[in-house]
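For reference, the structure I am asking about is given below.
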Amino acid sequence: MQMKSILAGAALALMSTTAAFAGDVRIMWYSDGVEGDVMKDLVGRFMKENPGINVILDNVAYSVIKEQLPVQLEAGNGPDIARVTAIKDLSKHWLDLRPLVKDAKYWDENYGAQADWMRPDGSNQISGFMTQITLTGGFANKTLFEQAGVPLPGPKATWEEWAAASKKVADSQKIFAMAIDRSGHRLTAPLLSYGANYVGKDGKPAPLDKGAKDFMTKFVGWVADGSFSKDVWVSAAGSTYRAAADDFINGQLAFYYSGSWQVANLATKIGNNFDWVATGSPCGPAACTGMPGGAALVAVKYTKNPKEVAAVMDWFAQEKIVKEFSERTLFLPGNKSVVDKGGLDFKTNNAQAKAALTKYVEATKSTSETALKLPGWRWSDTVYAAIVTRVGQTLAGEMKIEDAFARIDADIAQKVKDAGQ
Amino acid sequence: MTSTTTSSHLGALLMAPVNALMRVVDIPLRGLQKSTGIGGMAAFFLAPNMLIFGIFVLLPLFINIVYSTTGGTAFFLSERSFVGTEQYQRLFTCTNYLDPMSCQEDAFWTAVGNTFWFVVLQVALMILVSLVTALILNRDLIGRSFWRAVFFFPVLLSPVVVGLIWKWILQRQGLLNFILYEIGNVTPYTWLTDRNWTFIATIGVSIWAHMGLYTLILLAGLQAIPKDLYEAAEMDGTKPARVFWRITLPLLAPNLLVVVVLALIKAVQIFDEVYVLTGGGPGTSTLYLTQYIYETGFASALRNPGLAAAASILMGLVLVVLTLMQLGLGRKNENKGKR
Amino acid sequence: MGAAARFILRRKGGKGWHWTDIVTWVWLIGGLIIMFGPAMWLAFSSFKTPAALNEFPPSILPYVTSQATVQGYDKPLQLFEAKMPDGTTKVLAEVRRIGLVAQMVDPTTPGEIIKVNMNDRTPVRSVSFATENYTEPFTQFDFLRYLWNSVFVTVVATLITLIVNSMAAFALSKYEFTGRNLAMFVILATLMVPLSVIMVPLYSIISTLGMFNSLWGVILPTVATPTGVFILRQYMLTIPDELIDAARMDKASEWQIYWRIVLPLTAPALAVLAIFSVVWRWNDFLWPLIVLSRRELYTLQVGLSIYSGELNVQWHFILAMTVVTMIPVVLVFIFLQRFITTGIAGTGLK
């Protein structure tokens, strides 16, 4: 009896692995918040409108996207559509939707700005579209500033001004001054504002320039004097990402540098405890830029059902769907008409969140040229990883900042060499 | 005792079809035995395990050797180019062999050093704690089986859960700071970003998770020591400390050896708990070898599967040496066991 | 009470308190707290809202701010205990907060707005279990499917492990043949090899064999455990060869000797291996995460990882689902506790 049911179960399990019906479209999706639920809802609606296509949404951990998907793709496996962040690095695996979509012109007009982030260099391929655009930026705890009697620095305030003001607040309120996520992408924003440029003349990574070194030296100094909290930066080894949001949510931070994706998170967790505002990115000598980024929904070229995949992509890229998706997830949309028309009615009754999102939507229009190029540059992730690893070690007291510069350059050079083999 | 009879009854009922199946299986196997002899049957019994073992353990180990001689970032061997011993050279490029920071792959040597100290301290402390617990549980206690269970419970938890549980205690908003705050109004401390505390924490947590198993093994050894030995010692008026050194410890030696070996294996393989708890930080102070290999091979944007393979082979060599030592000691023991 | 205390505190010899008795009880009570406390803390935490999880100082029990419906306001308002200028405290409902000043009303006399500095008010809180941490995942989380996959993997892997390992152990303990020592050496040498060391090549093997996204890809690599062979062989060595010789005289086939004589005699060691195998396979995480990327194939451990995003981790769901995955292990433990602990103490691990 037991044996029988086990055998039956085995048969079932075997069947379910081989059953891939014509018309099936699998989407591999990861979630930071509610977007998985929203997506599930939208997929349901799509299937009602398109009865011939069966869309299966596989929710996975982000680590699967980051670590396992590349291997699957290399083996010619993988889902039909995926929500991915390393879109440039893996671009040779994406399907060209240009001949398959209903209206390629619509795609070019609305998603052309980011198309280069996700296609092989020098092609005009349509690989997919951004499910969300992110932009790094700061958040300030307005209540703490008020309690300390320190005015909030203005819109053109520099990193130094923010550091000084936050330090004052921190000293008077017995909290931490500033924090920035443990991420190379986050740290790149101030680096660019200080005039850094990672890209060499040949398109390959250049050694760290003066701008980059200047800010990193300052950053290390600020950590030493308590203007910046080092907690998240020393809380892991290697290039592991860690967010510093918890301290800000607890009212333990005056200023937190993260990005637009935190808005929904902050709104739910802070609630009514204190007032917070999005500040945009502080300025450096060269610019006041944030770093753009985001996740894209891309089609995989190993799919057996390219027509159905294109139909799904067409449907989800529609203006009204993107608008609804962004409003419900509190994401910044990647569709040009949606941005230009404005009037996004973000589905939150938290006024601070609405104000912050509006601020970010505005800020997307004024990002620096260098910053806009980096997401589409093949070596960005390599540079980020090297910076995080070595700066993290410096802050943990394991090396001097000069050694860190040398190590960062060496790590990047080694990776470029490895990739050429 | 009614429960055992019903359960054996039920067992018999469940076993009936299995027994029938075994009888059917026996028919072709008898034929096999006739044609190949008893030696052939030995091969037959060994084959399934060795086949699976060969495909899923040995073959990957051999592929790893090939991997370690190739370069590039591709995962599949067919797309990788041969580079000879370059990966090994890279691991061994140091200006000063006593200072990991002077090596090209500083993270690897840091991990080697961390792993070494972790293994030494963790195994020593583990044995001490397990032994004390076993000695206490060996006393004439009320509810011994309950207490035994208390110490065994964490063995059943998954490493990821163990890491999660302790993260939730040691982090800044965690239970430990809460207790200190309630008792002594101590300001919250970030235990997990202090290099000394995280090292101690990884040792403590891994002892917490595994000590139950070793305690039980030692307890079994303690209970196997004949009572009359102790009684005789008591009659002679021998001091308890002397009894412990002269009777308990020598007779416990075989079990202690098993514990040392098992604890060593576990300690060298430490990964999931630490990965969840500290992520290897702060800096690289709790970066252990398995995490280095995992990140270099899989996780980091700077990944290099060839380098990871080379590191894993070096680690494998050390493990084989450790195992050989165990084999030698185990054999000595086996001979002793044969009266 | 007196009798109960005497019963609980009964100690060696009963001749009065010896220092070892004190050490014993301190150790045991301390052990009880350290061993069970952390798991209880996790369980309590799993009932907290995301905001409460982040709070310091944390509370043992999950609390939320109480709310009250006040006449004249559509939504329920949060209740605070406010310090009034005259030094008394009063329970007020907060209407809105502007900067540092909160506008509050007395729920009994809703007409009049009272202004209170935000530092002079503390929320009125009551215990409330955030059961949505459990119920929400259940609606989007195909719990029964994941449970079934976990059970399937655990049961099948354990059965195969028991059969395959015991056959190998039988061959290695009861037969003399060339290569026996080599086989034994290879198995022992790999006792210590951790999964992460062979992960990349193992992945390519699984992918070549087409076991990618299949439960068999999770099961097969784990079943030929060197530890299992080792434990069973050590135990089988203690079975007297005379028994086997006698059976051969009676014309029993080798298979019958294995099935009818050796296996029943090895039962205690098999039980221990079965328990370990169940715990290992149930708790497996890294490997299933790598092999399984389709929803309908997730095991529970993989299922709960979907709450780890790129930028945020939804801890409230992860904690809740962790507790759910722990329940079967705890149940097995409660029912088989005596059996497990005595079994390990009594078998091949010597």
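As written, the chains take the letters A, B and C, and residue 1 is the first residue of each chain.
Please note the rule applied: contacts are C-beta pairs under 8 Å (C-beta built on N, C-alpha and C of every residue); 3 or more make two chains touch, one makes a residue touch a chain.
Note that this is a predicted model, so its numbers are computed, not measured.
Comparing chain C-alpha centroids with the centroid of the full set of protein C-alpha atoms picks out C as the closest.
For chain pairs A-C and B-C, the one joined by more C-beta pairs in contact is B-C. A separation of 38 Å divides the Cα centre of chain A from that of chain B. Averaged Cα coordinates give chain A a centre that lies 32 Å from the centre of chain C. Between the Cα centres of chain B and chain C there is a gap of 18 Å. Within chain A, residues 63, 66-67, 71, 75, 246, 250 each touch two or more of the remaining chains. Annotation for chain B: residues 75-76, 172-173, 291, 298 touch two or more other chains. Residue numbers of chain C whose C-beta contacts span two or more other chains: 54-56, 203-204. Listed in rising order, the residues of chain B touching chain C in the complex are 22, 25-26, 29-30, 33, 38-39, 41-43, 45-46, 48-50, 52-53, 55-61, 63-64, 67, 75-77, 132-133, 136, 139-142, 145, 147-161, 164-166, 168-169, 172-175, 177-178, 181-182, 188, 208, 213, 216-217, 219-221, 223, 254-255, 258, 264-265, 268-269, 271-272, 290-291, 293-294, 297-298, 305, 308-309, 312, 315-316, 319-320, 322-324, 326-327. Against chain B, in their complex, chain C makes its touches with residues 7-8, 10-12, 20, 23-24, 27-28, 31-32, 34-36, 38-39, 41-42, 45, 53-58, 163-165, 167-168, 170-172, 175, 177, 183, 185-194, 196-205, 220-221, 223-224, 226, 229, 253-256, 258-259, 279, 282-286, 301, 318-319, 322, 325-326, 329-330, 332-333, 337-338, 340-342, 344-346, 349-350.
By the touch criterion stated above, chain A contacts chain C in their complex at residues 6, 9-10, 13-14, 16-17, 26, 28, 30-33, 36-37, 40, 56-69, 71-72, 75, 77, 79, 85, 142-143, 146-147, 241, 243, 245-246, 249-250, 252, 259, 261-262, 265, 268-272, 275, 295. Residues of chain C touching chain A in their complex: 50-51, 54-56, 78, 94, 97, 99-100, 118-119, 140, 148-149, 152, 155-156, 159, 203-204, 207, 212-216, 289-290, 293-297, 302, 305-312, 314.
Touching chain B in their complex are the following residues of chain A: 1-3, 63, 66-67, 70-71, 74-75, 230-231, 234-240, 242, 246-247, 250, 381-382, 384-386, 389, 392-393, 395-399, 403, 407, 410-411, 414-415, 418-419, 421.
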